[in-house]
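Chain nomenclature is as follows: A, B and C, assigned in order of appearance, with residue numbering initiated at 1 for each chain independently.
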Amino acid sequence: MKEILLPRARPSRWIEFGFQGLSVLMALLFTTLVLLIAGAPPIEAYRQVLEGAFGSLKRATDILVAWVPLMLATSGLLLTFTAGLWNIGVEGQIMLGAIAATGVMRALQDTSLPPPLILILAMAAGMAGGAAWAGLVGLLKIYGGVHEIFGGLGLNFVATTLILWLIFGPWKRPGIGSMSGTEPFPERLWLPVFPGLRLSPWALLLALLSIALVYVLLRNTYFGLRLKAIGKNIRAAHLLGVPTARYLFLALLGCGAMAGLAGAVQVTAVYHRLIPPISSGYGYLGLLVAMLANYRVSWSIPVAFFFAALNIGSIQLPITLKLDSTLSGVMQGALVLFVLLMQGARARWQPKSAVETGDDA
Amino acid sequence: MTPEWIFGLAGVLAAAAPLLIAVVGETFSERAGVVNLSVNGAMLLAAMAGFAVAVRTGSLELGFLTGAIIGALMALVVAFASLTLRQSQVAVGLVLALLGRDLAYFLGNPFMGMPGPRVGALPIPVLKDLPVLGPLVFQQSPVVYISLLTVALAWVWIFRTHPGLVLRCVGERPPAAFVRGVPVTRIRYTYAVLGGALVGFAGAAYTLDLKGGWQGPISGIDGIGWIVLAITIFGGWHPVRGAFGALLFALLQWLSLVLQPSLPGIPSQVLNVAPFPLMIFALLLTNLGNTEWVQTALSRLPESSRRFALRILRSLQVSPPAALGTVFEEE
Amino acid sequence: MKVEMRHIYKSFGPVRALQDVSLTVEAGTIHGLLGENGAGKTTLMKILSGYLRPDRGDIFLDGKPIRFASPAEGLRHGIGMLHQDPMDFPAMSVLDNFMMSHEGEFWLDRRRARRALQELAGQFGFDLDPDARVDRLTVGERQQLELLRLLWRGVQVLILDEPTTGISAPQKVRLFETLRRLAEEGKTIIFVTHKLEEVEELCHRVTVLRQGRLAGEATPPYSPQRLIEMMFGRPIPMPERQPVPPGEPVLEIRDLVVGDHRLRLSRVNLTVRSGEIIGLAGMEGSGQQLFMRACAGLVRPWEGSIRVRGEDLTGKPYHAFLEAGVLFVPANRLEEGLIPGLTLTEHFQLVYPNGRYLIDWEQARAEAQRRIRDFNIRGKPETMVEALSGGNQQRTLLALIRTPAHLLLLEHPTRGLDVESSMWVWRRLKERAQEGTALMVISSDLQELLQYCDRIIVFFSGRISEPMATEELTLDRLGHMIAGRGW
């Protein structure tokens, strides 16, 4: 007597938009409440965020500068989410990518190798570094039974420490190590940017490529289909002949490589050195983007852009309104939370119809 | 008179106290079948809010109460989202973990580095003069006494009372509990919220007692919530075993501090991060027996040594409440 | 207590589980509730015990109307139900299980409960160790425990849902004695079953359900013919059994030892030839699942060897078995067999990829269409498997069995299917056998095994019989062996 209840087949687009709009409204209400508690003028704060994000062309392109690593991390996470993995270790994977890329840059910056080659090697090293860190999570999960949430989180903290140790130890600036990071690379080794902006066309290209790659992988390949099967029912996938351990591992490696690339981009195109907050929380933010985009490649592009805009828009808040810039995090978190809640509410309280059962019950 | 190391161990007990309380809280919640992953965010937010309220009102009690309420509210959101709205506990817990942290840093900005009230030591008359035990246990802050009491009470509650029996059964097999007339969903809500309150209380204990004040991102509280979740697993959802886990962690951390001067080659940051690899290692120990390659290796051993190896692995292994993280729909 | 249910209706979505069913049970009697799988017996009893709420209809206890909102209220009115799958807590002790109920004094009084348990067990001649963990008990012992618990809680109306499934013969004899005694003491007993002989042996009166409707009532002396007619509504045609001449050995098992935390199968030897169908019979959990999963490469044997078509696969991973043409079809379709959230097309592509990297969805859809037609699945290529009915899910599972297969291992291939669907499944399996595939089938339907299998192996709590030719077996003999007699 088991019945399967599903929400009504295809709710009309309007109802769907209505619910989405309602969650946005509730998130906005929540954030307003938080601002009021902090004693800040809400309207002014929102205006400042908008102004901060779109006030000038430079700022608007800064959004893309933030969008690139966020999108790279999100693309990778779509692989692991599809396989049913909670790859919280993505944050550490970005950091390891940054570390590996910095390592290659430092080793090669005084050689006579052509700069493009050094940059390509640094990117490759970044991907390898991120993939290795993700592989560690995979090994712990597959051979050690340690859930990827705990393995990944633990390794995130280890990665943070690794960066601190490098900055204050072996890669110390001449003189005294400080939180400002390692010695900047020579300018010829900076990833080229659009004139007058911080945005690098190469970085943008990498992000677009990663989106396209993940899109095709998930939609049109057996690799993607098998990941999906594992994510939905790993036991049945195994019995149907999918080598589950290998694919879980591959998903993690793929995600780690893309996250590592994000770290390498941060090092070569944005900061030109290794700094403690090199990952800027883009890993955690990528998790939120993927959730809000309902794990779809196409939706994650605008969502990532929106989140990047919030981040850029909040940078000025400490100066203009004496508010902490984590306001963007509050808005992003609240948005995802309310969307999740509304999704549940809709499935729960919309009139349900049991699935058509055929010849027997 | 009292040797140095006793004060050190007393410090370990103090450092472990909030961990004990939070682990018991999460144990209650998970015993009822609700995995509350928001612990890290809840503890940070509770630490900040508890301190802020204590600063504004001058009342420590109100500070702790605020912390507990915040923890309970966040647990309520997780419970509501998963039990009533059937959303993934992991997703909601994780979002709250991140949101709680950002909220703490955003709202706590003005309170950073402010002086505020702090719980002092409360030596217990007569007992405080006992040799060894006196300075070790009975000259501590009330939070330490509360933590030890919490562990003891949790054990009595879970294993010696009828509501505790019902709790264990709900975590084990909700449909069977429901058949016996137990209001499963209500019980799950109750323990999730109770557990959240304990977690929040523990968070407040960091700013109001152990660390004394709110330092924003450098308060050293970020990450502890994840350790709490790991210790809950390591403790096999048993309050006393969980308490041992928490004490072990605090002890190892203290040892790393004590040993640091004698290990000049290792920078201090490495020792600071020690809890996290330790957490992974602890989980590795508890789960190794379940993995396929270990089972395969075991099946190749001759029967006598297999028995021996199995016994060792079993003693480390823990079995979660069978219904952990599942939904149960009452008709 | 006299129980009356009047004009009960209950639907699950579009499925009408019960329509206008009425039932009257006098105090002090044993009342049988008879019907085939899916007739609505369990639903009706869940309504009486408060686990489900009826859409319409009334319930009276001793003439007073009652409405239950939960099992708690059912228990409060003295109604207790023994579920088919014991609703207990396997990881906990017998004593804790015995004490567990929705209300009780704050402090657990283990000493008092222990005394009560021992006293009650003594009264009925049950032997239960209060400190044993319930998952170490047999199904029969778990049932005894549940029975004692309900009696301790003072139930007046006792519902037993298929209580003889999975218990041994002596346990069954003892259970029947107990029930007769309880009826004499004035308790009302409702006995749900699909087995005629149990009704004849035990019940003072019987109500028959068919497809959610009342089919009739009868009192002793019963006419089995009448009861069967009421249960099924029509005679069921049985196809002829045509034995296939067995061919080359496909599966050779030598001195196999395999076990889990409860059971251990020792020194099993078996040769299965191509074209043969071997039935594995036994109560749930007697070792047949373990044995089949060892043959599929899902459980590693401790000792002995498994060879498939001459190739030694002992200790090899599941994938090696798959590649050798050993295919396993699990019983729980949506947990292990299929992937909810994936369409039929996606399932077929997982198993029969028509490329190495890229999927041609158009071609995939056309292929899915063909398989859907071939296997008579009611669904479209885009249908998610969880939206299919049980029978269509089973057909999908069969459609997912790769060819060529040398050895097919099936767990309960017809469980939960109606007669027609079952026959369709068996026809398909027969075809595979005629093509030269060797089959091993687990089923709890002995009739079905006798009808379709060439040889049958019986499992009883870890013991394994020799394979017996079906011609030399009778239903009666098989039934006795499953219950542990006549070995």
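Heads up, the rule we're going with is that contacts are C-beta pairs under 8 Å (C-beta built on N, C-alpha and C of every residue); 3 or more make two chains touch, one makes a residue touch a chain.
Computed from a prediction, not measured in an experiment: that's the story for all the values here.
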Reported most central chain by Cα centroids is B
Of A-B and B-C, the pair with more C-beta contacts is A-B
In whole angstrom, what separates the CA-based centres of subunit A and subunit C? 47
Using the average of all C-alpha atoms in each chain as its centre, how far is it in Å between subunit A and subunit B? 28
What is the distance in Å between the mean C-alpha positions of subunit B and subunit C? 42
For a test of understanding, state which residues of subunit C touch subunit A in their complex under the given definition. 12-15, 17, 38, 42-43, 318-319, 322, 328, 330, 335-342, 346-347, 349-351, 353, 355-359, 361, 378, 386-392, 400, 402, 416-418, 420-421
Contacting residues of subunit B [partner subunit A, same complex]: 37, 77, 80-81, 84-87, 90-92, 94-96, 98-99, 101-103, 105-107, 109-110, 223, 226, 229-230, 233, 267, 269-270, 272-273, 276-277, 279-280, 283-284, 287-288, 290-291, 293
In the complex formed with subunit C, which residues of subunit A make contact? 1, 3-6, 220-223, 225-226, 228-229, 232-233, 235-243, 353-361
In the complex, subunit A touches subunit B at residues 34, 37-38, 86, 88, 140, 142-147, 149-151, 153-155, 157-158, 160-161, 164-165, 168-169, 284, 287-288, 291, 323-324, 326-327, 329-330, 333-334, 336-337, 340-341, 343-345, 347-348
Name, in rising order, each residue of subunit B that touches subunit C in their complex. 160-166, 168-169, 172-173, 175-183, 295-296, 299-300, 303, 319, 322, 330-331
